[in-house]
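Several structures are given next for inspection.
You will see two complexes here that share chain A, one where it goes with chain B and one where it goes with chain C.
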Partner chain A sequence: MFCERAMELVRELHRAAEGRLPAFNEDGLRQVLEEMKALYEQNQSDVNEAKSGGRGDLIPTIKFRHCSLLRNQRCTVAYLYDRLLRIRALRWECGSVLPSALRFHMSAEEMEWFNHYKKSLATYMRSLGGDEGLDITQDMKPPKSLYIEVRCLKDYGEFEVDDGTSVLLKKNSQHFLPRWKCEQLIRQGILEHVLS
Partner chain B sequence: MSEAYFRVESGALGPEENFLSLDDILMSHEKLPVRTEIPMPRLGPFFLDRSGGTETDNAIPQGSKLELPLWLAKGLFDNKRRILSVELPKIYQEGWRTVFSADANVVDLHKMGPHFYGFGSQLLHFDSPENTDISQSLLQTFVGRFRRIMDSSQNAYNEDTSALVARLDEMERGLFQTGQKGLNDFQCWEKGQASQITASNLVQNYTKRKFTDMED
Partner chain C sequence: MFVSDFRKEFYEVVQNQRVLLFVASDVDALCACKILQALFQCDHVQYTLVPVSGWQELETAFLEHKEQFHYFILINCGANVDLLDILQPDEDTVFFVCDTHRPVNVVNVYNDAQIKLLIKQDDDLEVPAYDDIFRDEEEDKEHSGNESDEGSEPSEKRTRLEEEIAEQTLKRRKRREWEARRRDILFDYEQYEYHGTSSAMVMFDLAWMMSKDLSDMLWWAIVGLTDQWVQDKITQMKYVTDVGILQRHVSRHNHRHEDEEHALSVDCMRISFEYDLCLALYQHWSLHDSLCNTCYTAARFKLWSLHGQKRLQEFLADVGLPLKQVKQKFQSMDVSLKENLREMIEESANKFGMKDMRVQTFSIHFGFKHKFLASDVVFATMSLMESPEKDGSGTDNFIQALDSLSRGNLDKLYRGLELAKQQLRATQQTIASCLCTNLIISQGPFLYCSLMETKNRRCKLLPLVMAAPLSAEQGTVTMVGIPPETDSSDRKNFFGRAFEKAAEGTNSRTLHNHFDLSVIELKAEDRSKFLDALVSLLS
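Then we have the complex of A and B:
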């Protein structure tokens, strides 16, 4: 039966627990496209035979292959689109710099799409809130206070606060810092938000 | 679970599947019994035990009974049944419908083809004379099972739920998961953790993996 390879692509994505991005399956995609080419060529030849050779009985067969072509197309497009949805989520969850492990999972075109998306988002954010713009990727949960207590989970080094002073973020040290400076680091797992 | 990832939802319960939905693609891969109404040349190699051999141009003969995936059956079907006619899978037929109406809760819908409701809804496209009964049965089965799903999803907190979801079909499992998320979010809010900024799940997973790569 046709479209088995295409189904494997879909299953691979479906299996990846919500939101995780598996490596781009270039091989699989190439095989699906090859199958589509073969189906298309067989149909071309059968259509000619049906028209000029009077083989009207080939029509169901042509339809069968055509359905398979459409199915391959659907699986491929859904695969690529779902990956883009996951990549888009990465901008919101990991920030504008992706962990290097993830970059290897993306194709060159996907990386390009990610960069375009980042730019669009940045342009949009700059257009909000008057002159300064508004970072809407911050404050994902409604803030309760300006300053928060954080504990450092990993050694990070010097960290500069708005008034010029810097703080040494060493593992297990605790600090009282402005919320807006810490949010990114907490999301990245470097700091931990401590509730009093 | 990634909070920023919004996958394309299934449309199978409605009039049409969603083209881009991975769930719908998986659902429409399930098979149903069909009968060919006309010979189909050159496709014999796919159904070797039915093939007519080279004298018939390797055709699948007319009147063959085959199991085809839903997507293919949908594509080849038309209301004049020129290429194939479709049979209802057993669990949508009268016998099983009676079982469902007796007690919908005892049935293992995951075993009965994991997309019971979605597949059943899309089956209605084949204009069976039993369509009204099938749709009634789908609805009543769900109504009969819903209460238990809602109850269990709202009361299982921090425990192993595999026994509770084992006999649910995919749609019901999605519902159960949604219920669990609601419960967990509420508990988190009650504990005062709703305003706590947390590390992103995705980032945590990828940083963990990096250490294992280094060890190799």
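Then we have the complex of A and C:
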């Protein structure tokens, strides 16, 4: 039946868990576009025939093909847009440098879009807070204290602190460090915030 | 050196620095650590916490961290050995040691620059005087220097030479006498191992001095003290004195709330003083199980024998508790029975020769459901810390145990209670099987029991050495020396030094890794000659 491939694309994204970005389905998209092209050409010839040959019985077929074309268009646009939303969320999750695994999952155009978004966000952040700008990707939840107690879940190695000295992060050691230094590592799962 | 003003010389020094905390693996250390953590979090002192379970771990961790920190705080480790010798720190490193192990090593006492002892000096420490142990090396060097630039007159030189020789022999003799006396003094001082005031109480005292003490901290101090009592580390007298001190704090905290118009809500934490039974975990278990698995009652009734079991039944009949009630969960027992339970049990216990059935302790409750005695929390935390490892890293257990002390982690505490029940049961079963199968042998000056009774009446007075296989691949055995249990004993353990001497004498391969010097690891092949040396040493 028509529009099967387009449904596949949408289902693929629906199955992917929140925040994850599956690989860009080049093949699937190409197949959908081919189907759309085939439908469009068939419709073109049928319309010409209907107009010139007066064949009114072709009109339902034309209408049907037109609906399929619209559906294909909706599905592909939904697919592309949802991916863009996920990529945008990645900027807020992982920071401005994406892990290489994720980069392979994006198409070239998506990469370009991501760079534009990054630049746009950076320009906005620089315009806030007077001269220095304000990093709004920090502190997603209102912070309760300047320093937090964290526990190290994996061996990480040396981690530099503000005054130039470093702290050795070993598994199961606990540290009491400034909040802003720890947030990145908490997001990466190396440190765990201990609530007492 | 001993720190006299904890606030100025310790807290204000570390307040603006980053510090590293080394915490030993016992409940008292955990409690002291929690109190100190709470203080540091209040004042935004950046710290790093590293759990250590033995000397090797301490040394490795120190080597890893010495570049990054100048201030180290050691809790329940490090006072009884020469720290500077073992760790070899840089010149500007400072150690703050809060340890219950005694005797405090003399080098630690007299080093002013790098080692600060957070130990109260009113504990009877009996540290030898400085002049008795240390002698200025420079005096001798000066005299030898004088000899070399003597004048050249021969006759004068000869008489002067004779005088000098006489002087020197006198000096040498004095020096030998001094050294002999020094050896004696040091031997007397370091002979026995014992424990001082709980570290948790010391830390609570610091918090109180700074008026930053909270009820949570008071509870941790109570648990720390109870841990010392449960593990028989302090004498009864000292325990009672310390309980008195804590009781004053408890009434001060409670008094604060009674004055207000609105009474405290049920969910708030309340600490109260109790004169309660010393049966382990009895409120979270059935009374029968608790009686069978508490060391005190199991030993007095001799529950490993049939005769003992009968005596237990007699005892229960004497108290007036039906067996059916006693065997179900304590919380489901009839309220009429629970009302005067403590007094009734105490009376009957006196008849059966157990005078110390009730003990002064504290309990905590919050909410309608959660009520714990201090000893309950001690057993739970201990079992969490000692639970057999599945992953292989000892620090996981430490973290679990540390978490369970926070009030928000009640599920961990309950898990600990279950583990504690298993642990107590297992201990009782092992002991029962040892006694029944006569695995305990009398080796002359001590009883020896190798895990895989003589009906000797002297049993009670002899110390016990136990060996348990530690690691099959390395063929090592853990040996523990336990001094005899009497009511008036001063809880001093001489096995630390005895083990050391025996090991030296026989060239056995031993590893003194534990902070308690009376627990060592030994290669299984050296066991028999080690024991022989120990026998000859102690007889």
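Just so it is clear, the second predicted complex is superposed on the first by the 196 of 196 C-alpha atoms of A that agree within 3 Å, B and C clash if a C-alpha of one lies under 4 Å from a C-alpha of the other, contacts with A are read in each partner's own complex, and residues count from 1 in each chain.
As a convention for this text, contacts are C-beta pairs under 8 Å (C-beta built on N, C-alpha and C of every residue); 3 or more make two chains touch, one makes a residue touch a chain.
Because the structure is a prediction, the values reported are computed rather than measured.
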Would chain B and chain C fit next to each other on chain A once aligned, or clash?
-> fit
Pick one for A:Ser52: touches chain B only (first), chain C only (second), both, or neither.
-> neither
Which of the two partners, first being chain B and second being chain C, lies in contact with A:Ser166: first, second, both, or neither?
-> second
Which partner reaches more residues of chain A (counting touched residues only), chain B or chain C | B
Using the touch definition from the top, say if A:Leu195 reaches chain B (first), chain C (second), both or neither.
-> both
Once the two complexes are overlaid, how big is the angle at chain A between chain B and chain C (Cα centres, nearest 10°)?
-> 100
For A:Arg151, is the partner it touches chain B (first), chain C (second), both, or none of the two (neither)?
-> second
Should A:Phe176 be classified as contacting the first partner (chain B), the second (chain C), both, or neither?
-> second
Across all Cα pairs of chain B and chain C, what is the smallest distance in the superposition, given in whole Å?
-> 7
Determine where on chain A the residues touched by chain B overlap those touched by chain C, and list them.
-> 195
Would you mind writing out the residues of chain B in touch with chain A in their complex?
-> 1-8, 19-23, 25-26, 29, 38-43, 46, 69, 71-72, 75-76, 83, 192-207, 209-210, 213
Touching residues on chain C, where the partner in the complex is chain A | 18, 37, 40-41, 44-51, 64-65, 68, 393, 395-396, 398-399, 403, 406, 408
Chain A residues touching chain C in their complex are 146-147, 149, 151, 158, 161, 165-168, 170-178, 194-196
Residue ranges of chain A in contact with chain B within the complex = 1, 7, 10-11, 13-14, 17-20, 46, 55, 57-58, 60-61, 63-64, 66-68, 70-71, 74-75, 77-78, 81-82, 85-86, 88-94, 99, 101-102, 140-144, 148, 182-183, 186-189, 192-193, 195
